[in-house]
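Quick one: the structure is below, and I'll ask about it shortly.
Chain nomenclature is as follows: A, B, C and D, assigned in order of appearance, with residue numbering initiated at 1 for each chain independently.
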């Protein structure tokens, strides 16, 4: 069940410039969460009132802890980056549908930039199911994060915008180069990347599951802020507008019209 | 010169329920301040933007430190009461005219409730000038604060609303009872008390200097929020509206029409 | 202690309602709050047919609130009656249905379809773009607002609450106009039109350029308008705009509101509504208020 | 890099001015900021004779801003010219004098008296209570606003900027009306009328019941209105309402303002104006903007 609750920061770590990793202790939210879901975090600065949606990077059900990895994009995430262990924060979650991993087919995890974090928990889940895992990661340059951790879960292919590491180009370029043409794509990253993957999946007749982003207010499907055009009518308004916060954030590539 | 600057909380202490004492280290403000002046303190909670005016209770010029004593009246002062040593706070000051003690006449310091704090520095100043000092303090009940400290500076007479300590009644009752009819009154406290003192001073042909309060925005005389009706035209608008933040907060009893 | 209030003959167990569009049709928030605790559930604006709404980004954050340009996305009256109103039959709370339209016939059609449903009250949102008048809203011209009211009243089986836009020179004139048209009550304020520009990208923050401002930042304007409307008309006023707590609700009631709606605050705290109900009870106890109706318009 | 802008033939060294009533006549803030750094100093509203203003409390705090009901206390035009304008001669900055009145003859009298002074621009505040029209403000009826403009223009020796009230249905109509009356520019927004009630004491927070809302909370409404006004008229627009920083100022300029005023932010940070001047320069460097005039109205 979704709830708003106070959680406690366990640890905060800077991964690279502008990207932070935080573990938080929840009161049951972690126990109910799974890969691909997100929480919304409230800021303390009262000039900003809406919570910030952040994906779950790791879920430790046993200890009821969550890990998030986030980029400082504005004042809200800047505030988060200043939290110290012991700090009490308000969160809402678990939100969204998350990834449903099909272990019977090769699992292709694809992520770009700040889309990498949710792939960690997805990889862990896939590995637990015994799936065959390939991981494709796109970064701006050689300042990567979570890369070493992800290597534990399967074969990792890297692409960088500036060519300083791995394939010079996008994750799509890397996938073409490595002939990754089988299995199911589970992806998270910027919209152009997801659009590219949708086409890639169609080209090779792969299934794809893409995690989308949009500005959110309620996070629970009530306000209709966070819609994306869908190929079929949605089950809320019957107008081909799916709600990313509840129908998603993970959608089949076939559901979405970018 | 007035300035806005960051200051550092040195210590915070609860005096009685709801009344706190805080020492802060300033960057020059304390050095330029004197008794009866005030500072304005900004809250960190961004829903509240205007600073809170608080009188100076003690001034340590040598160490560039100030002491304030304040009552939790609302959300702003509640926030202040949670500050810990080391906390950085924004302050504006020194503001207002303050008391000009005439050491050649008996000094009668009168304060009620949360008007007591500025009397401490006034007493110190008067003592340094070698004045004869009588202190009259009004409290709600026996839960007094700053009383012991003030006893160092002169004879102290106490009145309480419920009679649990000293004279049962107001500071005026205490003054009548103790036949305090000579010298100059320097006072701070709630408006009804100041009004009573104005009349008292007239009755016994004493001079009086009263420290007033009003809601403030700028604190420096620009916005005209904090006016009080005066007997003579003011030198800003020539309409008998003196500005408490700059023409005051201390006024001669003869200047004011309550 | 009595917390119940009456709006146009309909008794609410307490004055706390939700603001249309911020609470869906109750289903989503029922995971957080017991809908039975609310005075009424007010549903998202519904039209005669499904509306797709505006392109994204549909919302952005502003100091102390937000701008929205959802564009009244809704499934249309058919699905609404079958699914949303049906679901609300499971709760012991009143239902106010918010109605939108591009033209008077569209409003009338929706109101007619609601006649034999479990809707207790109708709230007519006249801040919708008016296609017959070139996109201006029905809610900014008194004579047009009066006309909508009159036509809706002709067919309505439930009491009609007209929801007023704050983007007007005189809210008192607007309230009087809809009262003259036969309204059974007014609710206000809808959102204030605002704009935000992303200066780094040189783009509007919202795809729609402008959006409606709501949240704590608008409260002082809303309280003033509720006060003015309550002093202009005899019909009851439902107050909203920036209410987050029970104390905020009481401020609106003292200004003249008979009931209040909590909107944007639900996004900030999904428990806001029930917490407000509790806070009102605490306030009443502390101040020895026997009947909440005592405080309505008590500050003159 | 050019930061200077031109308003009705008057060149400001940069677009940062102060909002009338929040900066006195500059003297008080000169202890904090070098007035020479400002595009212009805009003085507190001045009438033909001294006005005592309203009873206290005159201000109260609201979420993200404040309400004020100072009531235009001012020393009258005589003292103002002798003392305040005289003092401003010591600075190399432009001076815009804000003028208030209860009737057209009062406005005209003040404007005539300013003819041979060092005032560079006149800003006519038409949000004052209009005694001849029973207390409504001049600034909410287009025809009345146009008339004030026309009469003032007849006698004015300096360019006339009409300061518009946001408490209207259409700011575009108001801007067009004063343009038709001959205004050389418009400035907006003045404050939004708001109200606050102290529920524990069952009293209005302000002695005047209502007050004008200002501060960061009103910014989205102000940006929208500046955009609408700039698209409605050809004369320059001076934008204000919630500006605290250089980036806020740029947002208003991108919406169509040629210059901007900083008001309530001075109370929150007395250095706000000069800091904004600096921040604008930083933004221009970062974004390779050679001339600030490039960005005026650049977001369409």
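Before moving on, here are some points about what is shown:
Keep this in mind: contacts are C-beta pairs under 8 Å (C-beta built on N, C-alpha and C of every residue); 3 or more make two chains touch, one makes a residue touch a chain.
On a predicted model such as this, the values are computed, not experimentally measured, just so you know.
Touching chain B and chain C together: A, D. Taking the mean of C-alpha positions as each chain's centre, the chain lying farthest from the centre of chain C is B. Between the chain pairs A-C and A-B, more C-beta pairs are in contact across A-C. The centroid of the Cα atoms in chain B and the matching centroid in chain D are 36 Å apart. For the pair chain C and chain D, the distance between C-alpha centroids works out to 34 Å.
In whole angstrom, the spacing between the mean C-alpha positions of chain A and chain B is 57.
Those residues of chain B in touch with two or more other chains are numbered 46-47.
Among all residues of chain C, those that touch two or more other chains are 63-65, 216.
Every residue of chain B that touches chain D in the complex is listed here, in rising order: 1-4, 42, 46-51, 92, 214-228, 236-241, 246.
Per the touch definition, chain B reaches chain A in the complex via residues 45-47. Interface residues of chain C facing chain D in the complex, by the touch rule stated above, are 62-65, 67, 140, 167-170, 192-197, 199-200, 202-204, 210, 213, 216-221, 223-224, 227, 242, 247, 250-251, 254-255, 283, 287, 298-299. The touching residues of chain D, when paired with chain B in their complex, are 21-24, 28-29, 31-32, 44, 50-53, 56-61, 63-66, 68, 70, 73-76, 79, 215-216, 264, 266-271.
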